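Chain lettering (A, B, C and D) follows the sequence in which the chains are written, and residue indices restart at 1 in each chain.
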Amino acid sequence: VRGEARRLVVAEHLGTEAERVREVTPEQAAAGTWSDPHVLLSIATPDTADAGQVAAGGMRADNQPAAAPAGGWALPESRYAHRDSMITKSEVRALVIARLRPRLGRLVWDIGAGSGSVGIECALLGAAVLAVEQDPRAGETVRANAVAHAVDVRLVVGRAPAALAGLPEPDAVFVGGGGAEVLAAVAARRPDRVVLTLAALDRVAPTVGLLRAAGYTVEGSQLSAARLADLPGGSIRLAATNPVVVLTGERP
Amino acid sequence: VRGEARRLVVAEHLGTEAERVREVTPEQAAAGTWSDPHVLLSIATPDTADAGQVAAGGMRADNQPAAAPAGGWALPESRYAHRDSMITKSEVRALVIARLRPRLGRLVWDIGAGSGSVGIECALLGAAVLAVEQDPRAGETVRANAVAHAVDVRLVVGRAPAALAGLPEPDAVFVGGGGAEVLAAVAARRPDRVVLTLAALDRVAPTVGLLRAAGYTVEGSQLSAARLADLPGGSIRLAATNPVVVLTGERP
Amino acid sequence: VRGEARRLVVAEHLGTEAERVREVTPEQAAAGTWSDPHVLLSIATPDTADAGQVAAGGMRADNQPAAAPAGGWALPESRYAHRDSMITKSEVRALVIARLRPRLGRLVWDIGAGSGSVGIECALLGAAVLAVEQDPRAGETVRANAVAHAVDVRLVVGRAPAALAGLPEPDAVFVGGGGAEVLAAVAARRPDRVVLTLAALDRVAPTVGLLRAAGYTVEGSQLSAARLADLPGGSIRLAATNPVVVLTGERP
Amino acid sequence: VRGEARRLVVAEHLGTEAERVREVTPEQAAAGTWSDPHVLLSIATPDTADAGQVAAGGMRADNQPAAAPAGGWALPESRYAHRDSMITKSEVRALVIARLRPRLGRLVWDIGAGSGSVGIECALLGAAVLAVEQDPRAGETVRANAVAHAVDVRLVVGRAPAALAGLPEPDAVFVGGGGAEVLAAVAARRPDRVVLTLAALDRVAPTVGLLRAAGYTVEGSQLSAARLADLPGGSIRLAATNPVVVLTGERP
């Protein structure tokens, strides 16, 4: 994602005399025919506006650029500044993140980012992330949450699909908000994976249809999570959260 | 996890003259005060019984030893050999894996492994994994599934809690099977995280109580996933899977 | 429902010298300005083809023509002959029946009757019932189930909406099968209440819209019932049934 | 339920010269060998404290003493005065009422009545009802709701199981509140049917065990109802209510 405040660097033949360090494009990174042992690093450029959120030298705070995050993902909603219930619930996010397959060398778009939780967790797992959010105040929340989680999430304040026009090609796209025209614009970019959360029952079938028409294999579930809550005397009851449909389109 | 067919190696000052490569213990790896840039590698030892499942040199097949797996996790049940419905469903597994926080340098126990899917996905995310399974035939399935997913999962065929006695200390434990005495034995080892899936409603409250008594903070959800299924004419219906309670104990 | 093998009879001034017994139309019955004490009886005519299923004299088998049935309603699926899963589940039926408000003097249509369970239970609660079913074999099942439950359900074998044309005006209609054109034909008859069960997510919003456009107030729920099942040792687990949306339109 | 402000009256040989009207006990009513045609009436005695809620002459307002109620049952929560969420939700009530099998000539206990909604709807379906509620203020709510629905519900303000001691034998009992000792006291009275709603997961298995030990056949479901809610543009989303387990014990 050259120009997106992050560089991909491949170090090959690690610990040998033939060791070589090269900067690569995401396409080259995806091609991936490096000599072993090697490691692929994602390094924030010095001129990033959000430089404060990453440790010196562009490394992640835990110095494990490619590893799954020490603090995990699918974090509680309380770990993110957010308004009302405008945040993907932890249980749903666990599934969304798994379906997006974030990792080092992949670019994820988080469209209708809201609190930014999905994008931030993709970044925690090593992905480069572009968060698209039309509401400038929500954008500030995304930024603050990214700083709090010490990840580099590039924010695009604008309305999809227009705001998507100039962005670098994504490997995976999360659509947390937006109608059919946003999804059509996303599908036209042909990412490997498209993941949506849908609250509206009526959008499920058309979304499945649109993704299939664009060549995607689609699967999905309606997830209902009821949280354990304490009753007096050590008893446990359930506190329901609203059902959400999680849809995944995968390019075969 | 010395002696468990895997070595942890830290390479510091990568790409500089001060570069240094050292083998470390998990405790040292967890302490984590390495000089940057560095990378932590988990390398299978040559004498591993399952050497065939990892690429030459002990690297993971995708040459990203620490990265989130290229093929993702929370994979469909069809990706694992399994008997009947004796496998954690994909949606539930997404949450379980997130709660276990697997990563390079951590050891995860998968007790009552069944198909091995939970342990295998922890390994895909970089963790060292010990799968404990009392049924030798299920053990063979775990082994076959690990080979198919090209990860190193060490299998212990035996009955918990007895089988847990000599095992190295875990960072996180998944308990997919076993009663209160298994959980008590697990809690006595004081892993940072304990995750359980419970089908029996009556086991939820006692399990919460036991974990709290052992000093864990506990949260949980009952997850109900209903899968989208096609009806004629492009309509979509829901096919329910059985509700499962996912419990997480975290050492504060 | 004269001519539908059932007569409505009003007995007024019961137990007094002014006692009077009259046959009335459903419209008259609905108007309902009888002198007290009175009782309204629904009596099968002698020439009914299904005479065997009602006791001599057209009374219900339990001799409580208007009372809630001694054996209850929302009966287990096992109490009805049915094919595969083509029967409204007991928990869903409990809600459907309540929403239909069946009672003596009301006519309920059961469209897409399947096993006939909904219509039969409306009859058990005192309503006159017309079951419409396009599949003659399913029709035979409806008939057999009605006999088994000793109620008088008039069967119309035919395809809705065409089959609805000549039928007497309903007070309440259950639509268990059929598309938008069936619902439109039902709404055109302006029954007080329309109740639907929908498996297809995509049909929910259009159905709500159609009912509202026809002047109905609409409410509904997605019902997910997970049945208790025994595990060894007195434990209880849940066995899910598929979620169903129950929609009710009420004329204000 | 003589002395409970309601008399059961059987009218036999209706409309014939042999017509006979007799007052009977519930036991006699249950025995039920009346000559046809007959009707069983439940008439409030003139000295009832709640005389205002029933029409002159002790008839129900709609003059259909035994019929299913004109206004239906499983009514919206908004139809009952209640505090917070301390009321059985409509969808759950539909199942509870069906399982209780209320009808003319049966006595239903509603223990832990809360708003009284379950007992009131049993009364609407013809049953005699005793509501037991320990909180005097909740008791006032039960009374007010009964008046508003024009039914006769006898209120016992007291704490179960003690408060159950002198009450007439029930045909069916709803236990909306109370622990194991309440259920044991109920089972000891050997009603035909016992229905419970349980929020506490841990109470499900012991309750099943207790009912079985008392000779009941038990079935149950966890009911999750998610209500349809409008989104802009005619879309529909789901608003979850908390899962509730409905248990039914039936004397074989």
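Here, contacts are C-beta pairs under 8 Å (C-beta built on N, C-alpha and C of every residue); 3 or more make two chains touch, one makes a residue touch a chain.
If you're wondering where the values come from, they're calculated on a predicted model, not measured in any experiment.
Shared contact partners of chain B and chain C, listed by label: A, D.
The chain pair with the larger count of C-beta pairs in contact, out of B-D and A-B, is A-B. Look at where the CA atoms of chain B average out and do the same for chain D: the two points lie 50 Å apart. We define each chain's centre as the mean of its Cα atoms; on that basis chain A and chain B are separated by 23 Å. Annotation for chain C: residues touching 2 or more other chains are 200-202, 204-205, 222, 224, 226, 234-236, 238, 243, 245. Within the complex, the chain B residues that touch chain C are 199-203, 224, 226, 231, 234-243. Those residues of chain D that touch chain C in the shared complex are 11, 14-15, 19, 21, 32, 34, 36-41, 57, 59, 63-64, 66-74, 76, 91, 94-95, 97-99, 101-105, 125-126, 204-205, 208-209, 218-228, 234-236, 238, 245-247.
Within the complex formed with chain A, the residues of chain C that make contact are 200-202, 204-206, 222, 224, 243, 245.
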